[in-house]
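Two complexes, one shared chain (chain A), two partners (chain B, chain C).
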Partner chain A sequence: MSLPLAGHAAEGTRIQVTGEIIDTWCYYSGVMGSPDAVVGSAHHTCALWCSAGGIPVGLLAEDGTVYMVLKVGEDDQTAGGDTTLKLAAHTVEADGMLYERDGLNYLVVSDVVSDLDITNQNHDDYGNVPPFSIPDPNK
Partner chain B sequence: MKKLIALLAMMASPLAAQDFSEGSEARSWNLYAEVPAKFEATVVDLLCTFTGDCPADCGAGKRQLGLLRTADDTLILPMKNSQPAFTGAAVELQPFCNQTITVDGLMIDDPELGANNVYLVQTIVPPGGGDKIKANKWTKNWAAEHPEAKGKGPWFRRDPRIKSIIAEEGYLGLGVELDEAWIADNF
Partner chain C sequence: MRPGLRTTSEVVRAALMAITLVAGMPAASQSPFPVDIGGPYALLDQNGQTRTQADPDGKHQLLFFGYANCLNICSAALPLMAQVVDELAADGIDVTPVMITVAPDQDQVDTMGAPLAEIHPDFIGLTGEEDALQVAYDAFKVEIEPLFQDPEYGWIYSHGSFVHLLDGDGELLTLLPPILDVAQATKIARGYITPQG
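Then we have the complex of A and B:
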């Protein structure tokens, strides 16, 4: 039987940050290639797969910091939920609370101030990553 | 003063020296930053931990969960289950919400990139011991939730939400027209 923990909050910091909603597993593990290749339009389809599959999504800020997204607005379903899925590979301006713990940054987004869609159009540099993310129309 | 420093060093050494790869039977994924790691931890709801919003079921597998390691109180982020299928770990861990389990898997350790305390779960030993459970239930759960998507090929080619977004935005996410032109030039 599982019981709810006592509901005490940690101390967070309110921040505003701009960055791309990324697939954190491919970004951190290197399983699909270099960090620059597993973001943007090149990796859009794989980012959809990972987000729908419940892998944590992150916000990759312009300075390279990754924020693990735990909630967006009222939607707490960041393990495969609709809100984060629709934002895959999009650049967003977010307002929220930052919690730092054991070397990771966790972000509770209270408001997506703006959704700039996909701004990192890197498919001509890296192709589609992984190559099987687009089915070969000739097969 | 020297005695105090020596005492502090002795107190700190058991944690500093702890090797979580000891006893691990994790299979390699040939990832450059992987480190086998087996440890006891309590499954926690991350939103609960940080904000105090704590549903009894830890979010029913839809919230991201954490592993609070018993040995050193470090909060680990489990990102992946054991399936090579773009699948996360929350569904595997949620049945053990707020319970203490033993996990075996791969830590990804690349501080330069910011990968600290992130983890791929391969097996789970339930509270109190017993047989290891493989952390590979995600695709079975997905199939049960999507009987309408039954068919050949991996789940991510059949998932209705993914198909809908690709139909609207294209594989590159920049629109179907750009997509078709790029595919024609590159395949």
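Then we have the complex of A and C:
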């Protein structure tokens, strides 16, 4: 079941955008590393933790614009559900509605046209960011 | 990221980069939120009193779904809410911070008040029977899923992401992503409570 749109006309713009599903907390805070390090394969594990823990996911478009993802496809929850976990760090081609509100870009993804998997293979450059996102089995 | 958030939430607040999601001046007249969020609920606060989506004093509300010992997003969202409440109070605007628990086994009437009071003395914690809580989860499109059991803190849950700004009747005005810094979140909230122009 998809989320119903609000009863009154909420003006949105249909867009198609390609970009990476990112962990918005680590991307904006800088606390885990530079923006280049907290995306892609280097940050995949942490992005899973953050998404599961409630951090809103975003879509980082090729032009650098970040869209706050309100929902994806048929998930009946706001920025949650299994779909966002499966797409963490993946590059996707998304079709959806853009709502600009409070200076933020909110995206309701109606269709993930293609899931290109993790295309940003940056773990050779950065390793696992942060290293402790993979628990040490010896501790 | 759980370990990082546990120890660095205050650092993170200070270190938030100049977000490209620059919070513009909100307009109360803008379109309703594009996703239909919100609705009635009736739960118990930390004093055992029934509280609904409407604030008894008609104040605006900041609502988040979390739990008192949550080490994930709550460690960012709840302090953010507290700071926004204080910033608005400095302008003479009273806003009530409210948390609806996603872990009623851990957050009970007699246990959730103290940890919330450490975050802000005005924090209202709400809990209740499973059916009553599910009504609120459904209304606000919040999904809750147990992730794993921490030997020290009990069950760790996946849950909702956004802080909800509600009016005194409990109607949604807008969402505040908890990645915003205090100034940005306050600016957005103020724009709905005291609209300009």
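Observations
Simple rule for what comes next: the second predicted complex is superposed on the first by the 123 of 139 C-alpha atoms of A that agree within 3 Å, B and C clash if a C-alpha of one lies under 4 Å from a C-alpha of the other, contacts with A are read in each partner's own complex, and residues count from 1 in each chain.
One rule holds for everything that comes next: a residue touches a chain if its C-beta (ideal position, glycine included) is under 8 Å from a C-beta of that chain, and two chains touch if they have at least 3 such contacts.
Keep in mind the model is a prediction, meaning the values are calculated, not measured.
Of the two partner chains, both chain B and chain C are touched by A:24.
Judged by the touch definition given at the top, the superposed model places A:126 against neither chain B nor chain C. Shared-chain residue A:32: touches chain C; no touch with chain B.
Considering which of chain B and chain C touches more of chain A, the answer is B. When the two structures are aligned on the shared chain, A:101 is found in touch with chain B and with chain C. In the superposed model, A:56 makes contact with both chain B and chain C.
Once the two complexes are overlaid on the shared chain, A:66 sits against chain B and chain C alike. By the touch criterion defined above, A:44 reaches chain B but does not reach chain C. Across the superposed pair, chain B and chain C both touch chain A at residues 3-10, 12, 24-25, 28-31, 46, 49-50, 52-56, 64-66, 68, 70-71, 76-81, 97, 99, 101-104, 106, 108, 133.
Contact residues of chain A toward chain C in the complex are 3-12, 23-26, 28-32, 46, 49-50, 52-56, 64-66, 68, 70-71, 76-81, 97, 99, 101-106, 108, 130, 132-133. Remark: chain C residues 1-5, 8, 11-12, 15-17, 19-26, 30-37, 66, 72-74, 76-77, 140-143, 147, 158-162, 174-175, 177-179, 188, 191 touch chain A in the complex. Chain A meets chain B in the complex at residues 2-10, 12, 24-25, 27-31, 35, 41-42, 44-46, 48-50, 52-56, 64-66, 68, 70-71, 76-82, 85-86, 88-89, 97, 99, 101-104, 106, 108, 117-118, 121, 123, 127-128, 133-138. Residues 29, 31-34, 44-59, 61-65, 74-77, 79-80, 85-91, 96-99, 108, 110-111, 113-118, 120, 138, 156-157, 159, 161-162, 165-166, 169, 171-174, 182-183, 186-187 of chain B touch chain A in their complex.
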